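Both complexes below contain subunit A, partnered by subunit B and then by subunit C.
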Partner chain A sequence: MPEPILEVSGLTKQFGGLRAVHLDLTIDAGELRCLIGPNGAGKSTFFRILSGGMRPDAGTVRFRGRDITGWDAFRVARLGMSIKFQVPSVLEELSVFENLHVAAEFRFGNRGGRRRAAEMLEVIGLTERADHPATWLSHGEKQWLEVGMASVGEPTLVLLDEPTAGMTVEEVKKTVRLLRRLNETATVIVVEHDMNFIRMIARRVTVMHQGEVFAEGSMEEIERNEGVRDIYLGKGAHYAVRR
Partner chain B sequence: MSLDTAVIMVLEILNSITILVLLALGLALIFGMMRIVNLAQGEFFTVGAFTVLASTRYAHLPLWLGMLLAPLVVAGLGIAIERAIIRRLYGRPLDVMLATWGVSLLLIGLITVTFGAVTQGIPFALGNFSVGRYQYPEYRIVMTTVAAGLMLSVYLLFRYTAFGRRARATIANPDMASAAGINTPRMFMLTFGLGAGLAGAAGAIMAPIVGVVPTMGVLYIARAFITVVVGGPIVLLGTLSSASALGLIEALISRFPLFTIATAGHCTPPPCEISIGGSAFFGQIALLIFAILLLRLLPQGISGFWRQRQ
Partner chain C sequence: MRRVSSAELLSALVLLLPLLAVPWAFKPYTANVLAVYMIYGLLAMSLGLIWGGAGIMSFGQTAFFGIGAYAYGAIGLNLINRTQQTHTALLGGLAAAALLAAIVGYFMFYGRISDVYASIITMALTLVLFAFAVSTGGDEWVIGVARLGGFNGMFGQGESSQNIANFQIPPVTLWLPGMTEPFAFKINRESAAGYYLVLGVSVAVYVLTRALVRSRLGRVAVAIRENEPRVASLGYDTRFYKFALFTIAGAIAGLAGMLFAAWGRFVNPDRFGLAFAASTVVYVQLGGRASLLGGFVGAAIIGHLTSYLAEVVPFATIPPDAGPWITFLMEAGRRIVREAPLLVQGAVLVGVVLVLKDGVTPPLFRVLARHRRWGWWLLLPAVLVYFGHRVACQQADLCVF
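Right after this comes the complex of A and B.
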């Protein structure tokens, strides 16, 4: 019986009169969970609350058996939860290597972090760009660097917010490989819009709508679900055929 | 120009650059990197100078010990101010300006109440050395050495140490740095403390050559801001290069009269004219005019211009 690694209950966030997030959710250790839903469903807000970037108005987040509600982001990160944000945000002023080093250091120290960073450069295929400022990277390379930064500290749970946004088909394939590899050692939650990508990786899918969990199941179940089709796949069918 | 005059001229230029580097280095971290418009920066300088005054005159410590103490005292003061006030105001630049202005007035008031409003001197033992026909103060060479040492240390600290890497990460993108496990509030606090400590060190080093008075910070804060702004986004190298450019102009105009203007009316002794250039007063004016011109031509500062050309 798999252990739950993340338990979210009654988590609520309001923006003015708008309830952005109101949900209960449990993720088991080792899962690769996809989180989908139309724009404004509250997915990114949910991620920001989980990772400590935003405080909820009510509810609790339990991670690895500890109540982490309202913790600072760096404490959450040190407990083993990492995040790749929606907007590509690498540390532009630092070199590619330093980006990874900084993200590994809190876990493995200076020397160990250096070794892990070098290994991660190989994995994400940026070894030749190690000493370039991160700002020189292309959009796709920045996305991989971020995935690398989110995984180099050997987290137990990784949150990836739209890891393939703006990528070419080839780049998406490489990202899928990275993600599978990451999932061998970590639990992963992915937010995506790209249905082809979801089909490539998905085992269990959660659909969010207006801040709440609307449906949950395998990709087949979700695609058969008429309610989901109405709110998302129906209106958003062009997402699937565009590529 | 004879050789000894040329050597003295070079030393004068070096001295102008030294003073600008000393004034601007702490602010380069606090304003250049952290984007905090700290209007109390001048008072950090003042507190550094008064730490030297208090430790030599009242505690009878040797001068060098007072000078080592000053940056520590001011760094502690800076950390306290960051924790108590500035931390609550990140992302609200106008409120930070108002709050630090208040801190500035408070510090001036406290120092005046404690030490009095008079200008006091700090005696020191170094003399002059001769360059041909001229005498030049040895202490200025000490100042240049210390300024170069501080500049180099700060550069190495930020470039090559774990602290520097984390501080650069925090300043580049606080959310991202925090998500990467960096204790960002602590990095802000330490960087601010370092910037304050450097201003304290500058005040301590300059204390023996300037009058130590509670309002002295006001005299220097403008030049510090100008140097950092002209330096542009690559903070340390930019500050060094703008200090060099501005210091060069200041020293040259301070030394050489450019032209004279005839004045109206009678005067004794004749001829009735004002010399433009050739005094420290005109050196400062030239510095300001040059800074305005530079920013008109290079709105992103000197290092912003380098970056554009890349």
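Right after this comes the complex of A and C.
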């Protein structure tokens, strides 16, 4: 029986009259969980609350057995949670290597961080661009760099918000390999819109709708679920989800 | 990146060589003037450290400069006659500036005030101190023998029996164990020790600050400048890094302030004033905040330009055979410069910033890093020729500065 690493109960965030998030969710250690849902379902807001960027109005988040509700971002990170934001947010003026070095230095110190950063460059395939400022990278490369920054500190839980947004098919495949590798050592939660990508990686999928958990199951179950089709394609649409 | 920064280091060395020879080749006046440029440069470097390093534009960096100067002055005036040295004054000035920066920094960064407000808060701080310092003209504003003096600035008043005797803030004076008598760092006809003190302190602080920028503190600060939420989500307590860098920058500004008080043996509320605060920002913007040398370069350019415009141009003679247009233009130029050197200074800043938005040093270092072969053979003679020209024209009494 795997241990739950993240337990979210009654988590609520209200924006004026709009209830953006209201959900209960449990993630087991070692999982690779996909979080899908139409725009405005509250996925990114949920991530921001988890990673300490935003305080919830009610509910609790327990991570590795500790109540981290309302903690500052840096304390959550120190407990082993890292995040790749929705909008690529790398350190634009710093070189690719320096980006990874700053990310690794927190846990491994200057020298250890250098070694880890160099290893991570290999993994994300940006060794040749190590000395380029991050701002020169393409959109896809920035996404990889940020995934690298989120995983170089050997976190226990990684949140990835749309890691394949704007990527070509080949780039998506590379990202899938990257994710599988990351999942060997860490629990991963991925928010994505790209159904092909979800199909390639998914074991368990959670569908969010209007801030709540709408459905949960394997990709096959989710694809058969008529309610999910309705929220994605509008009520009355009975043709299959695009393959 | 690394090559650019090695270009910066070598440029610093190239500039240092002629600076070492200045008191030997020039009049004491020149050493005196250069010393104050370096003091302003040190202040500008401290602003560059926090502005370029962490993206926090401290408009009132002069507050720490002024506090350092006043604290050094007050302690120095009181102790110099008793102890014959200024060790306590130096420590006190540094501590006062660092403490003020730490208090202000603590409330700004742990209170999560955004960086834009940091500019406004530090500017308000320096203006509040200005208003306070101006209002200390009365007889009740006395610390021991040191009168704060309001607009007139700080001076010491004699003990009760010799009321007429006013005396000035002491120069930096050391009396270390093993020395038979105290040594005062003065700048005058006999001694260039004060000049070398300022030069030595500038070089030492530059080297230490450079090491700091390359340490974890500096690297994380730059990362915070780029994207603070990103850095926080890597586990760094960004508030602490900003607080620490701000406090160190405040201490460096205070050190510059102490050197200033010891250099001019005087300090008045103008050091807290808006004009001085703004010109510090101008130095950094003009010189370039991406490198620590930028502040020094900016201070030297503006200082040199201002003194040139104020002292040389107004006295330039119009040739008698010049045509009416030339005469008109020269006369107009003379008047503009005489009436408003600050106008010219502002125009230079706007002009430079329009062309080089990062200031003058970054493109220079980039060129030097890219063309290492001939870059040095160009820069070194250029510096030598410039100084040689200055020496020659001064020996012949052709130029004022």
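One rule holds for everything that comes next: the second predicted complex is superposed on the first by the 232 of 243 C-alpha atoms of A that agree within 3 Å, B and C clash if a C-alpha of one lies under 4 Å from a C-alpha of the other, contacts with A are read in each partner's own complex, and residues count from 1 in each chain.
By our rule, contacts are C-beta pairs under 8 Å (C-beta built on N, C-alpha and C of every residue); 3 or more make two chains touch, one makes a residue touch a chain.
Keep in mind it's a predicted model, so treat the numbers as computed, not measured.
In the model built by aligning both structures on subunit A, subunit B clashes with subunit C.
By the touch criterion defined above, A:S82 reaches both subunit B and subunit C.
In the superposition on chain A, contact of A:E105 is made with both subunit B and subunit C. Of the two partner chains, both subunit B and subunit C are touched by A:M149.
In the superposed model, A:L157 makes contact with neither subunit B nor subunit C.
Legend: residue contacts after superposition of the two complexes on their common chain; A:V90 is shown touching both subunit B and subunit C. Of the two partner chains placed by the overlay, only subunit C lies in contact with A:D131; subunit B stays clear of it. Shared contact residues of subunit A, touching subunit B in one structure and subunit C in the other: 51-53, 72-74, 77-78, 82-83, 85, 89-94, 98, 101-103, 105-107, 110, 149, 153.
Across the complex, subunit A is touched by residues 1, 216, 219-220, 222-223, 225-227, 229-238 of subunit C. Of all residues in subunit A, those touching subunit B in their complex are 51-53, 72-74, 77-78, 82-83, 85, 89-94, 98-99, 101-103, 105-107, 110, 149, 153.
Only residues 162, 165-166, 168-169, 171-173, 175-185 of subunit B touch subunit A when the two sit together in their complex.
Here subunit A touches subunit C in the complex through residues 51-53, 72-74, 76-78, 82-83, 85, 89-95, 98, 101-103, 105-107, 110, 131, 149, 153, going by the rule given at the top.
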